[in-house]
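Every chain is named by a letter (A, B, C and D) in the order it is written, and numbering of its residues begins at 1.
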């Protein structure tokens, strides 16, 4: 059994991780550290866990585990690592933004569809951002075919869980219910990881990713759509996408138009591609907390520890 | 023109009151006092007001108005009145709970269907609570006929605006969306005003009002249903209700089952009555912010100042 | 491996059953019969299944399975059984209302918390209704203690999936979004099964179950609350409930107030009990499609075939 | 009083029109024609109208009115006009797509911000489409400044009422709740009216309007965002927009980011403009049934009949 620890156990991504790991047949959830929740039952904070576990939050870090998931949030992973001596042999999977960019740190970028072999062989893994995952999976086949030659026009809409538990004006129910708004147009923080990945595949790419994110009036999920000029025919385009993802366990290309609830509460990414005039048009959908965060973290763990990738991730879709 | 002031202008009920008064043909909204918003445009706080007014919040109380609406919240109306000398000639309409119970204060209870004549002749008006309004209008015909002889079993569900702007766990979008819960069973704070009204009509009533309120996953509206044993036939029952409300401008009895969105964004109360076995079964619906708060406050103002009751309250329903 | 068939594969309960059985480690989903969907991929109809299965709907009944789930809907199970010869050795789990009442048919009532031993030993199982499950689990400890002595007052609210796929006025999004309504007050069709169960436990019970169901503006879940007069102290009451469900795999009693999303996308039933004055007040919550339908059907299958009850039912909660 | 008739009274746009006209101080709603609803009370079909009117649907066309609103839906306005002789002196305001394109028909395009003078002087008015209204108002200042020189990239999201009352898979509550999807990318039917308007302002414009519409999980409203390369500085851009709409009664430019519920249940269009790099970025929001349909129809009526444009259109925003 893989011994696992979660650092920063009170938030949404930790909650999802706990839900998955408690039922993961190859993992023992050794402890969950949370300074703010210390002493409470996991099920006092994540109230759907009643009946599933009797363990309580701790505030003592212990290095005696095989894998440590960092869920403390952006900026705080670095702080935690600076304060604590994590053994080199322990696998760290970091769910924050702190190590996603190659800036000399030892972390590799944990997008399985791009870096599966690298993930197997490295035990410092930076888990991708949610919007970043959905956008990269939408563009990866084109980037790997070095077929991105101009600006990509992207829009995306995310559920409220993407904003975490913080009580903001924009996460108040009376504001958000039946409401829609744009935020951070052209400058969402996830774009840097997407550029990094595209340039890893197609180093000469210098055009712009024009991305308009929206706050959606739902809790879970991200739907991205985007288009870019292409010389590829529709047939070539479809081939490219089908071949890229033919053997992926979670990322699937479908000839039908897609909708968000096909992926909610799963670790899947669904992708649909069409040709319109001179443009490739791509739609992708993920659950922001699963393929966009905790599900992908477990997928990375499975890959790294040599488990079958689906292990613990056969999640029943929400569907309705 | 009636000169009107709003004290406590930043919250939900003040927002609704401003929306109504700005278009009320007989009212000039003289000023809106808010210590927390002082200096800001009304439309900076109530952002739907863009294009409707250029006035800003003040923090200076001025007695030079005909009517003062108190929207500061429970406990704070008393404080405000203690601190400021409001002329006796100024009409005060208080939207808090502070003066709803007859405990020696000079305020009368502003439920038009019960107290229309009293409202005409008094200028200290305590505006009823939202749940209290919906329950009282459901029971008033029976109480006035002295036909309540046993426990009344009531359930109700309210929109999130009922909880105000406070950022609570239970008003966070990620929690409340698609969620339902019970709160304060048997002891909702509005029950005391309902008992007071029932005993005003039927002073011997000593049975219980068993009321189970729920938090709904919508923003506006209250739906109440309740039942009580009765000797009245269905015909007598319907007569009672139809007669009670035949001339009411906002409270209507219908032979069809009702649903919440029939009243959302209106000052109406819809009521449906059926006989089931030995029980009278009643459903009532209001918009908690309008008939349950600010709309009723304006209705009270209209009554007191001798305006036609509908003035400024021909509100387009949301409908969908 | 248990060979399983689903009859009537196009609807919501069949969809949930497929989602569960595809990942159930002890089951092979042999075929899914649907006359309306014949020839289509399961994932064309249940579109979240992309990537999970390549099987298509059939319209040919085959008796060569160990368990047959009937999901054709009310009235149609009887028709199907009349038309087809199902071997006596095949276990039938019927999700319709057709055999829930003891009227001479060979079916036993598949509520595990009531009838676990009976379910083990019988292979004709009538799966309970969704509201019926939530109400029975709320009342079972009292009924088994023969402690129901007067009318029980119940309210419940259900998600739109409870109405199935039919395109009704009341399932149109523009109507139902942010809307609430009462339906079938005092006469919901599930009450007969509840009376049957209560009288099985406490045969002298002749009082009324006064049940007011509501249509909720969410997709999944049922929240029930109810109260009844009792002589039991709060301590006795809590003991009764805790003891009843102490060893149940899915039904849990909690000292905290509950909310619907604690159980959505799980097979759990959560129950909370309080004493108010002379009344026991109980809240229960289930996912109408899981513990209220397909999840309980699989639980019944697990019991009958001697599998651990949780098998295939470790479902990740939706939580948010 | 203007005598008004509505043809095709059962749908969503007719419902909104009735709600507005019943309280319009300058209009008498003479009759509402609907073959499907004939004989029923308006409030049987539009159930929020209880207490507001006692009139019933008719199936007899009468020419004795000043203005006839056609709400029968796309393709059916032409049919109606072919079958009935509408006097030349009667003003026709058509809410369908039938006459929006200048193809030799006598109808002028009823976008007040573009064609106010034309609307005054013509009594055959084609009311713009909902998406078309939001897009045109977002682009009009640039088009009128002849400042559109390249492709415009647009995304939009619409409420379910945009799909009308039809019971589609995509308007079923269990599908649409908390769901998002793209439809008709690059080829929404409203684009032709937008091109027509842009070329009316800037006849040499030959670039593409790349428009990706989405189905939102809310009932009312459209939020559009779009960008286009521009040489204008941010200051020039803001000036352009502020000047264009400075005197508009319903279309307002704001320096703050906007959100959908600022306009829901109003006839407003809110617009926000920013410069990002070399691009003008514009967000616009309307209520699809009001400024996008029936509200704009009444605005056109007010203009044509010389009433103040706000008459009957001081609608209380939904806000929450």
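Basically, a residue touches a chain if its C-beta (ideal position, glycine included) is under 8 Å from a C-beta of that chain, and two chains touch if they have at least 3 such contacts.
What you see is a predicted model; the values in this text were computed from it and never measured.
Peer 1: Compute the centre of every chain as the mean of its C-alpha atoms, then state which one is farthest from the centre of chain D.
Peer 2: C
Peer 1: Decide which interface, A-C or B-C, involves more C-beta pairs in contact, and give its chain pair.
Peer 2: B-C
Peer 1: Could you work out how far the Cα centre of chain A sits from that of chain C, in whole Å?
Peer 2: Chain centroid spacing, chain A to chain C, equals 34 Å.
Peer 1: Between chain C and chain D, what is the separation of their C-alpha centroids in Å?
Peer 2: Distance between chain centres: 46 Å.
Peer 1: Between chain B and chain C, what is the separation of their C-alpha centroids in Å?
Peer 2: About 39 Å, centre to centre.
Peer 1: In chain C, which residues are in touch with two or more of the other chains?
Peer 2: Counting only residues that touch two or more other chains, chain C contributes 12, 159, 161, 174-175, 177-178, 217-220, 258-259, 261, 320.
Peer 1: Mind pulling up the chain C residues that touch chain D in the complex?
Peer 2: Going through chain C, the ones touching chain D are 12, 159-161, 165, 167-168, 171-178, 217-219.
Peer 1: Report the residues of chain B in contact with chain C in the complex, numbered from low to high.
Peer 2: Residues in contact with chain C: 153, 155, 157, 159, 174-175, 178-183, 185-187, 208, 210, 212, 214, 216-221, 223, 225, 227, 257-261, 264, 274, 276-277, 279, 281, 283, 320.
Peer 1: Which residues, counting only chain A, touch chain C once they are in their complex?
Peer 2: Going through chain A, the ones touching chain C are 12, 15-16, 19-20, 23, 44, 46-51, 161, 177-178, 219-220, 250, 252, 254, 256, 258-259, 261-263, 265-266, 268, 270, 289, 314-320.
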